[in-house]
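Just so it is clear, A, B, C and D label the chains in written order, and each chain counts residues from 1 on its own.
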Amino acid sequence: MAKVAFIGAGSFGFTRKLVTDMLSFPLLRDAEIALMDISDERLEYIKRAVDRIVDEGEYPATVTATKNRREALQDADAVICTILAGGVSVWRYDIEIPKKYGIDINVGDTRGVAGIFRALRTIPVMIDICRDMETCCPSAILLNYTNPMAMLCRAMQRETSIQVSGLCHSVQGTAAMLARWIGAPMEEIEYTCAGINHMAWYLDYEWNGEDAYPLIHKAITEDEDVYNVEQVRNEMYLAFGRYVTESSGHNSEYNWWFRKRPDLIAKYCTDGTGWNPGEYAYILHEYQKRETSWKDAIIEWLENPEPLDLTRGHEYAAHIVNAYVGGDPYKFNGNVPNKGLIDNLPEDACVEVPVYADRSGFNAIHVGPLPAQCAALNNLSVACEEMAVEACLAGDPTGVFHAVAYSPLTASMLSLAEIKQMVNEMLEQNRDYLPTFKHFKV
Amino acid sequence: MAKVAFIGAGSFGFTRKLVTDMLSFPLLRDAEIALMDISDERLEYIKRAVDRIVDEGEYPATVTATKNRREALQDADAVICTILAGGVSVWRYDIEIPKKYGIDINVGDTRGVAGIFRALRTIPVMIDICRDMETCCPSAILLNYTNPMAMLCRAMQRETSIQVSGLCHSVQGTAAMLARWIGAPMEEIEYTCAGINHMAWYLDYEWNGEDAYPLIHKAITEDEDVYNVEQVRNEMYLAFGRYVTESSGHNSEYNWWFRKRPDLIAKYCTDGTGWNPGEYAYILHEYQKRETSWKDAIIEWLENPEPLDLTRGHEYAAHIVNAYVGGDPYKFNGNVPNKGLIDNLPEDACVEVPVYADRSGFNAIHVGPLPAQCAALNNLSVACEEMAVEACLAGDPTGVFHAVAYSPLTASMLSLAEIKQMVNEMLEQNRDYLPTFKHFKV
Amino acid sequence: MAKVAFIGAGSFGFTRKLVTDMLSFPLLRDAEIALMDISDERLEYIKRAVDRIVDEGEYPATVTATKNRREALQDADAVICTILAGGVSVWRYDIEIPKKYGIDINVGDTRGVAGIFRALRTIPVMIDICRDMETCCPSAILLNYTNPMAMLCRAMQRETSIQVSGLCHSVQGTAAMLARWIGAPMEEIEYTCAGINHMAWYLDYEWNGEDAYPLIHKAITEDEDVYNVEQVRNEMYLAFGRYVTESSGHNSEYNWWFRKRPDLIAKYCTDGTGWNPGEYAYILHEYQKRETSWKDAIIEWLENPEPLDLTRGHEYAAHIVNAYVGGDPYKFNGNVPNKGLIDNLPEDACVEVPVYADRSGFNAIHVGPLPAQCAALNNLSVACEEMAVEACLAGDPTGVFHAVAYSPLTASMLSLAEIKQMVNEMLEQNRDYLPTFKHFKV
Amino acid sequence: MAKVAFIGAGSFGFTRKLVTDMLSFPLLRDAEIALMDISDERLEYIKRAVDRIVDEGEYPATVTATKNRREALQDADAVICTILAGGVSVWRYDIEIPKKYGIDINVGDTRGVAGIFRALRTIPVMIDICRDMETCCPSAILLNYTNPMAMLCRAMQRETSIQVSGLCHSVQGTAAMLARWIGAPMEEIEYTCAGINHMAWYLDYEWNGEDAYPLIHKAITEDEDVYNVEQVRNEMYLAFGRYVTESSGHNSEYNWWFRKRPDLIAKYCTDGTGWNPGEYAYILHEYQKRETSWKDAIIEWLENPEPLDLTRGHEYAAHIVNAYVGGDPYKFNGNVPNKGLIDNLPEDACVEVPVYADRSGFNAIHVGPLPAQCAALNNLSVACEEMAVEACLAGDPTGVFHAVAYSPLTASMLSLAEIKQMVNEMLEQNRDYLPTFKHFKV
């Protein structure tokens, strides 16, 4: 009987979806679902929600809820992490302080100045979770959904012995979007996608064994509607010849080309018709709205008399857990250490590549070199991420400054002196959330 | 009896200085100095100049002059290259076209959009020279002074069997400047400098065996005059903790932080008191002035009745040639292929590291990893340079676009679409100088 | 509809078994089975045999037979290679000439002096097959069963663009033997096996998630019958702490420790109770017997009125082909180029590691470093194999001598001068079979 | 004023020669020579000897003698190590126990079973010396002459922060021998020699810029006297095409080809006319003789009324120390960590390559790959050495067994079980000299 622990179980959307998926596998229908959160209130709601799923599915699973992390982790086979370290009240400064310096951030959860500060706050918590796992369930796999993905996974993979893979929707989501654009059923599509989280590249994308890039190119260049869905990413594709994962809004803040001038924001980051064309502080605003509405939403869900939809969804996590406890091997794109996987990214950096999960754990696939024009962008991001992770682990403000100074959007707008000032302001604002730091000034 | 060939001998300053230096070595005083240039007029003047040096020094050397490159190269032991491929008339567009797009370039001879186009024009010529050497003097060393140093040397090192090292004054020049700042006699200074051309870092800098960086730091932060000599480089030092080679003007165009906004140019690139604080088109204007004055200058030199100063100067080249023909080994900073030399720059890239010249040729020294914040800037430049060299060798306009798109100053100012337009305009302007290209549009 | 080509289809055992397996997969039941052999007689028999399988299984498959290799390969999805290049009449000298020098060889199909000469004869043929595939079916996978596995695969992987994986029974066979020894059902066993062909190591071997090596150790040291099954391999396990693949006889000729003295052969290579304890020329003698009996055997099979057993067997090949044409991904141990897979074996050497086959082809898994005492033996063998492959491709007798001189069994018995003499005798004997060589004397 | 410490100063020959050499350099004539030994008696004699050198040379140097190692090391610029850890009374078993098992050892100071046990005894002492240096003179260079060179240097380079280079006469000695054979004055010879200690290869060997290997080949194959000087090494050259360093006797015990059969010893290791053709226990016997004669010899030297010869000799050490304290750079072959130096030997292994000593310390030169047939022998030795060093540092008897089991001469003669028995006997005999070990049985 498998045990799956959810750390940060109060992320209602994730937990409900992943529990639903998992229980749909014969090997997991009798699993122990161990829910853990630091909020009593959220824990109570999610317990009720998972109980409802188990009841309606008539599964022989058991559900436990606890604020004691080690209790939840004890003897687990797999751990799902969906925590948020520090709430919107501190997170907002990741977006709002840079804005004072002219840096216009759309999401700020991945990289760049906002992502780096989010990492500084979150890495110590993630490492604590892994330390607990080393004690309570050393051979369990950890599937991480918390952002910033690459920096968090890198820190855990570097510092602890836990098998960690970061998971993200963007690979399968983008692949499905491209398939729609060319009118292909997804099951006839085969691709190799590799790079780093939120910035992985479809190295090949085939429809029934034939290269489908010419069709994608035609759609983007000839169909205005297709162009408009993802203006930033389509421009990147037109420049570099490979499609990149994640939304246009996200990508607009990972490089220099789209958000440094107001006219460019207006041109590329405003009118896109996809889910996130690039609005300032888009996700922060979403979270701020949820702060008042989440309770109503979960109550409504719990009281909704309609039967639940218990069919399996498209997230990777349940398939991976099923493979690890002995089910069919499962191929996904995971965030794992670069041990000979992508030749032209740094050894040991956290890369996003095809991985087979099976009973032996994660089996990452050798990809080879990325095209030079794709590797260049990844490499600069990796350099920033390596400096930020090292700075966090060493508690070194100067390393934070270096990481931000090289972050493309910041680098394209500010001088070194201005960057130093901004970083100092942010260090000061975050001082209560940075346990590894002893001083807060570069 | 050694033979040294000067290709581009009409670079009067270089040739006179290097010939003077070489003849001062006992092993080279009877050398054959083979002067080669494509201009009859320049060749005639330089022949007279070198003859004067030989006469005044009463050296048993022989001097030949020829427009036939293979004749000059035949059986040479060492070759000095100081050519300029394409004159000011085409070069000016490397500076002036980007300016139309807002890119304000100071020198444009090394990297960035101007350096890349200079490389596109010059690489084919350099490879031709090496091909001739493979025939006429396969074991001769080639000492290259022509810019853009890193891209040219990389292309020759990648494509030919000739032992090439690029040479540049900036390492010894900067070291001497730092010594002056701290009041140290140069002979008591020891340093390790490594990175890429014009962007190498003093990893350590010692005065009589003690770390002198604290003294340098004190001078920069407490002495306004010292700060003002090199505003850009001092700011870089204050941010990254290692001093970088080449002038502030040069460095201001290699990254994003100093030239992208008019106020930053005013603040950092205008009032510096060093030789090149960062004025727009500084070297281009110098060359344009020389176009009318060079003849008067050489005639004046030839007719000047004062005896010549024949003491040996500080250029590396003569020492290296002397070492290669059997004299004392000589340590210098050369531009050589990264064969296990700098751990965190790409294998085979052209790096600038300590090299011992001796009878066996160039013996490059393993340096180890650069500090992360230094490697990050070098790596991005290397990525651009690798893409540009590959694009040149393949005759691929798209690769040129990629190389320019990642060049920091351009990346910090333009969108991808704007960069593409600029690159196309420059390709069109250069079409007569790009023999490897079949089309000129991205 | 898939097409599978069998090159060397006259290897009756392999072809019948693999065809039976393949047709048992829904995706392959209507496949085209293209049989190719250089012998009319064998081709006729195997055509009848495969027809019988198709008929009894009532499969909608089509069967073709041809001596024209390109015809068989045209548009194939997968190619199975089971050829023997040069028959027993030449092969015998691989065993008999060394015997004159005191080298007592048991099988001689993998490495050592006999394996090297077999490679010299076979590599040119294998490369020809790949060249035909590059023309006729460039995206087909090639599954090779022909020995010497590592040298042949290395040559094809180095010289051609075809996706090749070598396949061997020894990994699953040994794993099953160990399971029997400890009384475990195979489906509860999980292992990671990596190294080189016939000399791969079970890095871990778990029964229901627990390390089973203590049980294996107990069986070997406490149960005389278990010890006696595999004397050589059990001694190797007792020395090095990891179990190795392939029979004791095979292994006894891959190192220095078991066959160099008559008393050691008597002690370790004679009385083992496994299928191949180590008898001199064991496989050669088997083949010599078959030379007269094969026809009777196939006729008997064809005329046997008993219904065929069409259940799927344990060979990897059919599963792999099924995965490649769109069936379930399949994990196997394949012989693939070492692209970042085993850290302490040479890059690009042919290694045997876990591989996932799926629609994208072969996805090799990063293994990490082998234990030092395992890597040492593999590395010496790889060194010999690399020298032999290079010598074959260059047609260089000296390289053959080097490869043999380092082969452990030879090295432990002869002087360099004796080895040179033996190699010269063998080169002379093989001169008609070595198309890449122009002279035959070291 | 420089300070040079001699650890193991009672190695009279070395100390007298090196002191004589050092004082001949202007920069070192006023040096402090700090003599340290564990024997009062030897210390007294060497103090008198060095005083005599200083007096006769009328040098302003100061000489101190102490049994306190830290006192000798305090503030030293360079340290010379010539210790012998454990005397002939224990060392004899390194030779005599293997002999009982049939292993006939000539020197036993480098590698193989005898070298490995010598390393086990000596590594802890060497690391202690480095630990003292880390305290007393952290930036001093350590020049080590104690054997087994590669294993000792590797252990120090791996475990401590001290700059260590091992030094050996064999590179310059062999080069001079080859020059004599072809009648060339040594000053017209240039070579590149690289590999591992006592097994480095002259990759090129030029006389006035021309490849001299054809002349060497002619001498060896046509002049019987030349052949007879170095039978083993000449055979190795004839097989592998590159000449190897160290005597024939030494080399005969590093591989499988010359000492495993009595007839081969008779043929190759007995009648050579060089200084060490390969006699059993040659050096051990020499040392045993010296045990009774050393005192007379040093007294005779001290009382000899002839004036000393104070001209500089051919050892590397004094030149290196001179370069490190600011004299001319000096190129030598040193034993240093393989940081990108020899491409096809393991990273970080101790390799012997060209090194430039100068004020910055040791500057090792990138060599590239060795020829495959040379790398193969080096790699196997490195594998044994890495296992032995790891076993020593971990105190692991099993690792010692592995290292011995792969040592070629042992591997060519014994079974694994016999090797285990021999290793156990030696561990038992050495138990008082192995501080890192807790048990002494494999």
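The criterion applied here is as follows: a contact is a pair of C-beta atoms (placed from the backbone, for glycine too) under 8 Å apart; a residue touches a chain by one contact, two chains touch by 3 or more.
From a predicted model like this one, the values you see are computed outputs, not experimental measurements.
Trainee: Mind listing the chains that sit against subunit C and also against subunit D?
Mentor: none
Trainee: Quick one: point me to the chain whose Cα centre is farthest from that of subunit D.
Mentor: Chain A.
Trainee: Just curious, how far off is subunit C from subunit B if you go by their C-alpha centres, in Å?
Mentor: So the centre of subunit B lies 56 Å away from the centre of subunit C.
Trainee: So what's the Cα centroid distance for subunit A and subunit C, whole Å?
Mentor: One centre to the other, that is 44 Å.
Trainee: List, in ascending order, every residue of subunit D touching at least 2 other chains.
Mentor: As it turns out, subunit D has no residue touching two or more other chains.
Trainee: Can you name every pair of chains that touch?
Mentor: A-B, A-C, B-D, C-D
Trainee: What residues on subunit C touch subunit A, complex-wise?
Mentor: 139, 190, 192, 209, 328-329, 331, 339-341, 343, 354, 356, 358-360, 363-366, 368
Trainee: Sort out for me which residues of subunit C touch subunit D in the complex.
Mentor: 235-236, 238-241, 255-258, 260, 264, 267-268, 344, 346, 372-373, 375-377, 379-380, 383-384, 386-387, 390, 398-399, 401-402, 405-406, 408, 411-417, 420
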